[in-house]
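Take a look at the structures listed below.
In what follows, chain A forms one complex with chain B and a second complex with chain C.
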Partner chain A sequence: MSVKQIIKKCEQLYNDIDLFYVQEWKEKHKSRAIGFMPVYVPRELIHAAGMLPVGIMGAGDLLEIIKGDAYFQSYICHIPRSTIELGISNRLDCLDGMLFPAICDVIRNLSGMFKLMFKDMYVKYIDFPQNFLKTLGGNFYQHELRTMSDDFSQINNVDVNRDDLNRSIKLYNENRAVIKELYDLRSQNPHLVPGSELYLLMRASNVLEITEYTALLREYISETVCEKRPQRDNIRVVVTGVFCEQPPLALIRALENSGCFIVDDDWMLGARFILGDVALSNDPINALADAYLNHTVCTASKYDQDGNKGAFLIEQVKKAKAEGVIFAAPSFCDPALLERPMQQKALNRENIPYTSFKYSENTGQFQVIKEQTGTFADSIKLWGDS
Partner chain B sequence: MWLKTIYTAGIDVGSNSIKTVVMEFDNNGKNGKLLATDLNKIRKRDTKQVISQSYEHVLSKAELTTGDIAYIATTGEGEMVDFRRGHFYSMTSHSRGALFLNPDVRAIIDVGALHAKALVVDSRSKVLAYKMTSQCASGSGQFLENISRYLGIPLEDVGDLSMQSTSPEMVSGICAVLAETDVINMVSRGIPAGDILKGIHLSMGRRLINLLRSLNASGEVMITGGLANNKGFVAAMHELAENEKMNVCFCTHKLSVFAGAIGTAIWGAFRHVKLREQSIQSSEEKGG
Partner chain C sequence: MEVRKEKSMTLQKDMFANHFKRLSRAGEEGRKVVYTFVPGNLNELIRSFDMLPVHPEINALQSAMRKKSANYIREAEKHGHSEDVCTYVKCDVGMMKTGNIGPTGEKLPDPDLLLLSYTGCFTFMKWFEILRQEYNNPPTVMLQVPYQSDGKITPEMTNYVADQLRDVVVPAMEKVSGTEFDAEKLRTFLASSARAEDDLVAILASAKNKPSPIDAYFGGVYYIGPIFTAFRGFDSCEEYYRVLRAEIEERVNNGQGPITPEGQMSEEKYRLVVEGPPNWTSFREFWKMFYDESAVIVASSYTKVGGIYDNGFRHDPARPFESLADYCLGCYTNLNLPSRIDLLEKYIKDYDADGFLINSIKSCNSFSAGQLLILRELEDRTGKAGGFIESDLVDPRYFSPANIKNRLESYFQMIDAKRRTVRNA
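Let's look at the complex of A and B:
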C-alpha cells in the first residue's frame, strides 16, 4: 500500500465508532473482544487469551452527545460523556468486557456506571500500584494481573499458559520496537512523518490485531521514507498532556499548520507506556509487573515515587531536540492540569519555552489555538536568541 | 568574502485578496529592497489558483524565476500555499512590514477584511502587546465593502465621499447586522451617502481607538491592511484621536496594504540566513 492508502485505512478505523472492524474480527475468528480506556492496560493478557483488545478513546468529534451529558456535571471532562453515549447507543455491544485503568476519579466512577448499566459485560477497574517496591507494589500488581488473566481465560473458555503469554509479550515487544522506530524517524525527519499521519497510525493500534498492526507500521515506514514532501521551516515541539482524552485530529493538523513540527507527544500513550522489552521468562506475569514498576514512562496518571516532576518531560525535549513545549490538556482534566505548573516550573529552570491551552475531544474551532501556537512558533524562530 | 544576493517572496493570503511581494537582500539578509508587488482579489475564484497566478506575476515583474527565490514565506492563511518554506503570523509580519515602510512606527492598526487588530511594537518590530476586535464584523473591511455595494458606490470613491461629509450619521459600532439596518434606515430617510460613509468610518475608528487606548499606544501609528488607502477612514481616525486628546499620530504608506507580505518576506530572509548558519555549524560539527 502507498502512504496515502495506509493513512486512508487508518482514518477509516479512526472514524469507525460503530466498531465494524471489531465485529468482523469477532465473526472471522469466532472469538471475543475486550475494550479498554486510556491510558495503559496490559494488552498482552487479552491477546494471550485469544481475544482482541479494543481501545475506546471516547468518540471525539464524531458523535453528538444526547444522553451522555445527563450523567456528568458540567465541570467534568468530555471523554466519559462520549463513552457513556457510545454505550447507551449500543455501539459497544460487540465488546465482551471493558477495562478501566486508574487514571482519575472520573474514570473510576465511569467503571461503576458501566457495572450498573451493562450487566452482561465484564467490567474491571484496574488498580495500579502506588508503591514501586517489588515485594509490595510488585506483589499487589502481580495479583491484579493474575486475576485478570484468569478472568480472560474464563470469558473466552481457554487455558492460558506460560507459552501463550510469552508469545503475546513477544508480539507486543516487536510492536513497541516498530513504534519506537517510527517515532525516531519522525524526530530525525519530521517532514517525512506528519503528526496527523502518525496520530492516525497510533489510533489504529486501538483496533487492529497486533501482528497486522505491526506489519502496517513497517509498511508505512518503508513507504514514507521514499515520499517527496516539502521541507518546512517549522519549530520542533513536544506536545504533552494529551494522554487520556484525545485531541481532535483537526487540532493536530492546526498545530502543524501553525508552524510546528511535533517531534514527541504523549497521545495514545498506552502503546508506548512500557519502555523497551518485557522479558520473556518462566514467569511472564512477574515480567509484566516488573516492566510496569521499572520500565515505564512518567505521566500524570501514574504515581511518581521520586517526586521529580518534569524530569521526564525535560529528557523528552532534549532527546527530541525540541525547541519548545506545547501543553495541551483536556478541559477539566485533573491529572494533566494539576501536574502542569510543576512541569512548567521545571521547564523554567531549564529555560525551555512553552505555551499552554485547553481543548475538548469535540472542539471544532482552532483559530485562537492556531494564533497562539503560531505566535509561539514565531517567537522561537525570530526571537529565540534575544 | 563572496557576496550573494538573497531573494525572498512574501505571500499574504487574506480572505479577500492575495498580496505578494518579492524582495532583495544582501548576503546577510539585511538592506532589504522591494522589487515587485502584486495584489490579486480572490473574487470567488479558487484561492490556490489565485496564489499561483499572483506569485508568477510578481516573479515576472521582478524578472526572476522560482529557482532564484531562497525562501518563500507566507502570512495569513498560509496553509493555502503548498510551496511555502515558512509561515509567520500576521502580527509578526505586519509589525515588521510597517517598520520597513516607516522605522519610526511604534504601533500598528491592521484592518483586514474580517478582523482588525492593534499592536504595540519596539524598534526591532517585536510585538509587545496586542488587542483584537471581538467577534463582530462591524469593525472590518468586508463590512465597509458590503455597505459600498449596497449604496452603489465604487470602493475607490468611498474615501473622497466620506471626506466631503458635513454632518455624519452615526451607526452601530457593536453589531454589523444592526449597522446594516441603520444604513438601510438612513438611505430611506434620504441621508447623503457621504454622511453615511463618514458615520461608518467614525464608528469603525472608535473601536480601533479604544484598542489603541487600552494598549497605551503613543507616537507614530501606522494603518495597514486593506483600509490603509481609504482617505476617509484615515481622516476619521485623526479626528477621533484629536477629540480624545490621544498622543498618537496616524500614518499610512502607499504600500501599507502590502505590509504583511513585506514583513513576512523580510522574516524569510532572516530565517534563510539563520538556517544557513545552522547548517554550516552542523556540518562543521560533523566534520570534527
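Let's look at the complex of A and C:
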C-alpha cells in the first residue's frame, strides 16, 4: 500500500465508531473483544486469551451527544459523556468487557456507571501500583494481573498458559519497537511523518490485531521514507497533556499548519507506555509487573516517587531536540491541569519556552488556538537562538 | 436570638485552638509536623510518634468560612493553576504563597513529612506532588489505598495497605521523628478511637428519631471535626463524643429538634438525605435555606468521608495495621458508585427520609462524576423526590444563592406534591 492508502485505511478505522472492524474480527475468529479506556492496559493478557483488545478513546467529534450529557454535569470533561453515548447507542455491544485503568476519579466513577448500566458486560477497574517496590506494589499488581488473566480465560473459555502469554508479550514487544522506530523517524525527519499521519497510525492501535498493526506500521515506514514531501521552516515542539481525552484530528492539523513540527507527544500513550521490552520468562505475569514498575513513561496518573517533576518531559524535549512545549489539556481534566504548573516550573528552570491551551474532543473551532501556537512558533523562530 | 453554647461546642473550640497553638510552636518545641489528608488519615500512628498533623483540606475549608478563599484561589491561579481544577488545592496553594497563616491567625509550620494517604481521591496525589515541589522536596511517603471497585475489601487490599504501613510509612516516621515505633502506644490510641467511634455512631443514628435532634449535614460537619482530624485516639476526643452524645440524648428525651445558628428548630417538615460536600463560602446562608423551610438533614455521605463506622467497622488494637488499612479502605469516596448508591438508599430508608438531595461540587470529580446517575437510580429505587443543586466547596464564584434557593423551593414543592399523591392514593 502507498502512504496515502495506509493513511486512508487508518482514517477509516478512526471513523469507525460503530466498531465494524471489531464485529468482523469477532465473526471471523469466533472469539471475543475487550474494550479499554486510556491510558494503559496490559493488552498482552487479552491477546493471550485469544481476544481482541479494543481501545475506546471516547467518540471525538464524530458523534452527536444526545443522551450522554444527561449523565454528566457541564464541569466534567467530555470523554465520559461520549463513552456513555457510545454505550447507550449500542455501539459498544460487540465488546464483551471494558477495562477502566486507574487514571483519575472520572474514569474510576465511570467504571461504576458501566457496572450499573451495562450489566451483561465484564467491567474491571484496574488499580495500578503507585508504590514501585517489587514486594509491595509489585505483589499487589501481580495479583491484579492474575485476576484479570483468569477472568479473560473464563470469558473466552480458554486456558491461558505461560507460552500463550510469552507469545503475546513477544508480539507486543515487536510492536513497541516498531512504534519507537516510527517516533524516531519522525523526530529526525518530521516532514516525512506529519503529526496527523502519525496520530492516525497510532489510533489504529486501538483496534487492529497486533500482527496486522505491526505490519502496517512497517509498511508505512518503508513507504514514507520514499515520499517527496516539502521541507518546512517549522519549529519543533513536544505536545503534552493529551494522554486521555484525545485532541480532534483537525486540531492536530491546525497545530502543524500554524508552523509546528510535533516531534514528540503523549497521545495514545498506552501503546508506548512500557519502555523497551517486557522480558520473556518463566513467569510472564511477573515480567509484566516488573516492566510496569521499572520501565514505563512518566505521566500525570503515575505517582512521581522521585520528586523530580518535569524531568521526563525535559528529557523528551532534549532527546527530540524540541524548541518548545505545547501544553494541551482537555477542559476540566484534573490530572493534566494539575500537572501543568509543576512541569512549567521545571521548564522555566531550563529556559524551555511553552504555551498552553485547553480543548475538548469535540471542539470545532481552532482559530484562536492556531493563532496562539502560530505566535509561539514565530517568537521561537525570532528569539530562539538569541 | 442568643444561642446557648453547649458544653461540647466549647470543648471542640478549645481542642482546635490548642492544636493550632501547638502547631505554631512546633518549630521552637522541636515537634515534627506531618501534612496529611482527612480520608484515610493515620492519626493514631502519627500521634504515636508525638508528631502533629496538618490537614490541608481543613485549612481550605476554614479559609472559606473566614472569607479568605477567593483571594487564595486567585493567588494560585496567578501562579498558573487552572480555573478548572479542585479549588481545595488552589486555596491551599494560595494560602501557602501568602504566608501560610492558619485558621487561628497563626503561621502554620512547614511540613517535616508529607504523608500522602492516597484514599478515595486522585487529586490528593497531584496536591502533594505540588506541595512537594513548593516545599523543595521534604520527605514524602505515598500510602496507596486501593479502590473498592468491586464493592468489597479483599485480603490482598488489606495486606497491601498494612504492608506499606509496616515497610514504608513506619520507617519514614521513625526517621523524621527520630523516635522508635511504639506498638503499645499505637494500641492504646486505637482502643480509644474505637470508644469514640461508638459514640459517634450513636450520635449520627439519633437522627432516626422524630423529630431528629441533630442536623446530620450542617450540624454533622461539626460533629465529625475532632474524630476526622487531629484528635482521634485521644482522651479529649473520647470526652467530646461522650459529652455530645449525652447532650443529644437529652434532646431526644425532650423531643427537641436540631440547634441551628438561629436557635432550635421548632418544626420538622422535611427529612432529607444529602450526598456531597457542603459549600463553605456561604455555609450559614446555605444552612438557613434549609432551616427556614423546616428541612432537616437526617443523614449525609459527607459525614462519612473520614470513615464509615455505622457498618460496624472500628479501629482495633488487636490488629493495629490491618484495622488502619481497613479504615483507609472503607472511607466513603473509596467506595465504588454502586456501593455509594446502596448506602444512600439504605440511609433514605433507615432514616425515613422524604427525599434526598445532591449538592454537586463543581471542582470535585471524586464526588461529582456520576452523581446524575446516582440521582436517577435513587429515584427509581426509593420513589422519593430527588433534588440536584450545584455549588463549590471554597470558590465563592460558584455559589449562586438565588439559583440554589429557587431550586430548593421547587424541590420542597415536589416533596409536597408527592405527599399529596400518596395521601390521595
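Basically, the second predicted complex is superposed on the first by the 384 of 386 C-alpha atoms of A that agree within 3 Å, B and C clash if a C-alpha of one lies under 4 Å from a C-alpha of the other, contacts with A are read in each partner's own complex, and residues count from 1 in each chain.
The rule is simple: a contact is a pair of C-beta atoms (placed from the backbone, for glycine too) under 8 Å apart; a residue touches a chain by one contact, two chains touch by 3 or more.
It should be emphasised that the depicted structure is a prediction, and the values quoted were computed from it without experimental measurement.
After superposition on chain A, the partners chain B and chain C are accommodated together without colliding.
Of the two partner chains, chain C is the only one touched by A:72; chain B is not. By the touch criterion defined above, A:120 lies against neither chain B nor chain C after alignment on the C-alpha atoms of chain A. Looking at the shared chain after the overlay, A:159 reaches neither chain B nor chain C. In the superposition on chain A, contact of A:382 is made with chain B only, not with chain C. Draw one line from the C-alpha centre of chain A to that of chain B and another to that of chain C; the angle between them is 100°, to the nearest 10. Contact with chain B, but none with chain C, is seen for A:371 once the two complexes are overlaid on the shared chain. Touching more residues of chain A than its counterpart among chain B and chain C is C.
Touch criterion met: A:231 reaches chain B, while chain C stays clear of it. Think of it this way: put the two complexes on top of each other by chain A, and the tightest Cα contact between chain B and chain C is 19 Å.
Residues of chain A that touch chain B in their complex: 230-234, 257-259, 371, 374-375, 377-378, 381-383, 386. Partner chain A is touched in their complex by these residues of chain C: 79-82, 84-86, 89, 116, 118, 121-123, 125-127, 129-130, 132-133, 137, 140, 142, 144, 146-147, 149-150, 156, 160, 163-164, 167-168, 336-338, 340-341, 360, 362-363, 365-366, 368-373, 377, 390.
The part of chain B that touches chain A in the complex is made up of residues 71, 78-79, 82-89, 91-92, 124, 126-127, 267, 270-271, 275. Across the interface of their complex, chain C is touched by residues 70-73, 75-76, 80, 102-106, 108-113, 115-117, 124-125, 127, 129-131, 133, 135-137, 139-140, 143, 300-301, 303-305, 307, 309, 329, 331-335, 337-342, 344-345, 358 of chain A.
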